[in-house]
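Take this structure first; my questions come after.
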Amino acid sequence: MNNMMFGKYIPIDSFIHRLDPRLKIGSLLLLLIAVFFDAGFLGYGILGIFVIIMALLSHIKVSQILKAIKPMLFMMAFLMIFNLLFIQQGNLLISIGFIKIYDQAVLQTLYIFIRLILIIVMTTILTATTKPLDLTLGIEHLLSPFKRIGFPTHEVAMMISIALRFIPTLLEETQRIMKAQASRGVEFSEGTLKEKILSIVSLIIPLFISAFQRAEDLANAMESRNYNPEAKRTRYKQLVWTVSDTIAFLCVIVICSAMVIMSIVL
Amino acid sequence: MEKIIEVKHLSFGYDEDILTIDDISFQIQKGSYTTILGHNGSGKSTIAKLLMGLLEKKSGDIIVGGISLSEETLSQVRNQMGIVFQNPDNQFIGSTVRDDIAFGLENNCVDPALMDDIINEYAKKVNMYEFLDHEPTKLSGGQKQRVAIAGILAMSPSIIILDEATSMLDPRGKNEINALVHQLNKDKNMTIVSITHDIEEAALSDYVILLSDGHVVDEGKPEDVLMKKDEIERLSLDIPFAYKVSEGLQKLGISITNQIDREKLVKELCQLHSKK
Amino acid sequence: MSITFKEVEHTYSADTPFAYHALKGVNLNIKKGSMTALIGHTGSGKSTLIQHINALLLPTSGQVQIEDILITATNKPSSLKPLRKKAGLVFQFPEYQLFEETILKDIIFGPKNFGISEEEAIKIAKDMIQLVGLDESYLERSPFDLSGGQKRRIAIAGILAMNPDILILDEPTAGLDPQGAKEMLQLFKKVNQEGKTVILVSHDMNQVLEYCDDVVVMNHGHVEKHVTVNELFKETDYLTSLSIDLPIITSFILKLNENGFHLDPSIKDINVLIQEIGGQLYE
């Protein structure tokens, strides 16, 4: 049967796995911003080394990182070619027919490549080392200041956790409904456009109806167990900030500051 | 015995004009195993939801542990009861067994430092301790229902309502849950309200409330209620096996008492056999 | 022979770390026109097996033959569509597959997928809805207005409307009340008596005893036994070893036999039982 690992979480143990999700999310955000500062090749070199160290500390295999980059290659190539052809600044390097490539274009395109690779690798490290539920918990904690201005932080986090809990269940159900409809002669991969649309309808409507029924049942179950999103409630899972987290955070701040400074100075 | 649940002239309808529950009154004794028996559509699940305050009654009174159910007392009433619903998946909230049992504790503001011990204790009580880190998709229906019961027990109710809790389970799952619930009833004096259409289960309970089309048609001890053959058949329910046999034997002229209890019938027949 | 399995193996997700060997060397012949029960513990392979009969699953190795159609690992799925009509498979809780605006539209959905004209399909739908115990006035209603039990009847009407030669039912009475279950099984018996081969996957031995002729017992991916119902219920030790709950009537007989009675454990009719007990008390 289907056994999907959602969010590409890789269940091994490593220094990065053990870090607080709040730290990891916050760091990713800061680093993503830092990536866009033009710190020159020196800056990107330093950032690159930092990312490589993180990847090593996370014990993720190179093959897994490459697997994450693979789906993005097409988009990256497209972006790069687009940039190469349409930025017309600096000195002309090559001219073939009406295609003119300038040295600034080459530089910018290289930056795009480096940035995209860094973004993909950093995000992959985050999702590979943090369980989806821990991510949700981290996000909930980070967004909790917004509760004061009325943002339904807890409710959103609860919705995400329940959605995560039900994804495998819904996937199984989709399979079941597809089989049931296939048994009535539906062919999901063949037929005219009209037939294909009808096939999808025969899948989506039962799924929706079932999802609504589940939602109602769940609401009853939650209420019966005294759930009240507006009331105070304690949390089983506690996030514990350790010394490692502080050290990691300091490193991130240093690197980001370096990037910013270098972009100003150089 | 004292009554723990009292329902007085309860009425409810999903639509304006049709009453799903029509002027129902009954009592449930503390520590009893009471069955609410009826065919599908008789209103039995609706009663369960009304008792838990999940639906708002149109009129009448629901009194649980002396507290009358209202919007203000909702929490107090719910704290005394736990309910296990029919679909094992749709009441499993946590991503693992552990998280699901914790859910109720979180709602009740239990100190997080104490939660692990409580979770372990109740997981052991329902024999799911080895499965604490399992996800629901890896569990059988019976196992999920056991987790639901653990989650309920962790909130220390005095009443457990089973809303057709075994109807979606295979025989093994059914047996597991029935055995667990009977044990809770005996050992912990837990009041059990079982909503079902299974006559053999009703035959083993302490008290039966017979429901049809939103009315209480009869109530009493199983041996009194379940041997009213015509009434039972009219309600689209089965007559207990033992009763069918004892009645048939009586027609043959054999002097045997009418029974709903299979074990007792076997004993009596064996006594007759050894006497001849 | 209507349905034949020859050395059928099925492995899910073969070549991955999650490979699961669900069917192991299954050999089976199911007689045309029989009403056969398929029993076994959860995970024994029943669900996998029945999905081979309408070619929802292809064997990893071995072959399945349905009348004159042969299915092997290499058969192209689109050429197997006729099998979906020949063998109508009703999954558990089939009420979840309803989706059309009206009951009429939902029932004719299946037949239309197999080329039946709309006119013809509507005629068939009118027959089918009555066959499942509801009247024609239901046809214009939305399927979602009905109760669970009624929805299930509509779903079954939709499969019967395809006029399959073989009807496969996976726990068709799960969640139904006793009256609903009885009506459903009587419908299948009727359809069987009219010539359809019926396969009933069930955990309820009372049903198997009362309605089926033959039984296939599955255990960990193997077909362990294929015998008549009478033969199976004589082997009560075997059944208990499989952790299968005996029918109420059978375990009652066993208890009596432990204490001096000599009753045939395969008795399925309660009236026959009453006569037998009476007889043994009078002797």
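Residue numbering begins at 1 within each chain, and the chains themselves are lettered A, B and C in the order written.
Definition applied: a residue touches a chain if its C-beta (ideal position, glycine included) is under 8 Å from a C-beta of that chain, and two chains touch if they have at least 3 such contacts.
Remember, predicted model here, so these are calculated numbers, not experimental data.
Engineer: Among line, ring, star, complete and other, which one matches the pattern of chain touches?
Structural biologist: The chain contacts form a complete graph, every chain touching every other.
Engineer: Hey, which pair has more contacts between C-betas, A-B or A-C?
Structural biologist: Between A-B and A-C, the larger count of C-beta pairs in contact belongs to A-B.
Engineer: Return the distance between the CA-based centres of subunit B and subunit C, expressed in whole Å.
Structural biologist: Centre-to-centre distance between subunit B and subunit C: 30 Å.
Engineer: Distance-wise, how many Å sit between the C-alpha centres of subunit A and subunit C, to the nearest whole number?
Structural biologist: 45
Engineer: Can you list the subunit C residues touching subunit B in their complex?
Structural biologist: The contact residues of subunit C facing subunit B are 41-42, 147-149, 174-180, 203-204, 243-245, 248-249, 252, 255-256, 259-261, 270-271, 273-275, 277-278, 280-281, 283.
Engineer: How about subunit A: which of its residues touch subunit B in the complex?
Structural biologist: Listed in rising order, the residues are 133, 161-162, 164-165, 168-169, 172, 213-214, 217-218, 220-228, 231-238.
Engineer: In the complex, go through subunit B and note every residue touching subunit C.
Structural biologist: Per the touch definition, subunit B meets subunit C at residues 39-41, 86, 140, 164, 167-168, 170-172, 175, 197, 199-200, 236-238, 241, 244-245, 248-249, 252, 254, 262, 266, 269-270, 272-274, 276.
Engineer: Contact residues on subunit B for subunit A in the complex?
Structural biologist: Listed in rising order, the residues are 49, 52, 54, 75, 78-79, 81-83, 85, 87, 89-95, 98-99, 102-112, 115, 135-137, 151-152, 155.
Engineer: In the complex of these two chains, what residues of subunit A are touching subunit C?
Structural biologist: Residues of subunit A touching subunit C: 1-3, 176-177, 179-187, 190, 201-202, 205-206, 209-210.
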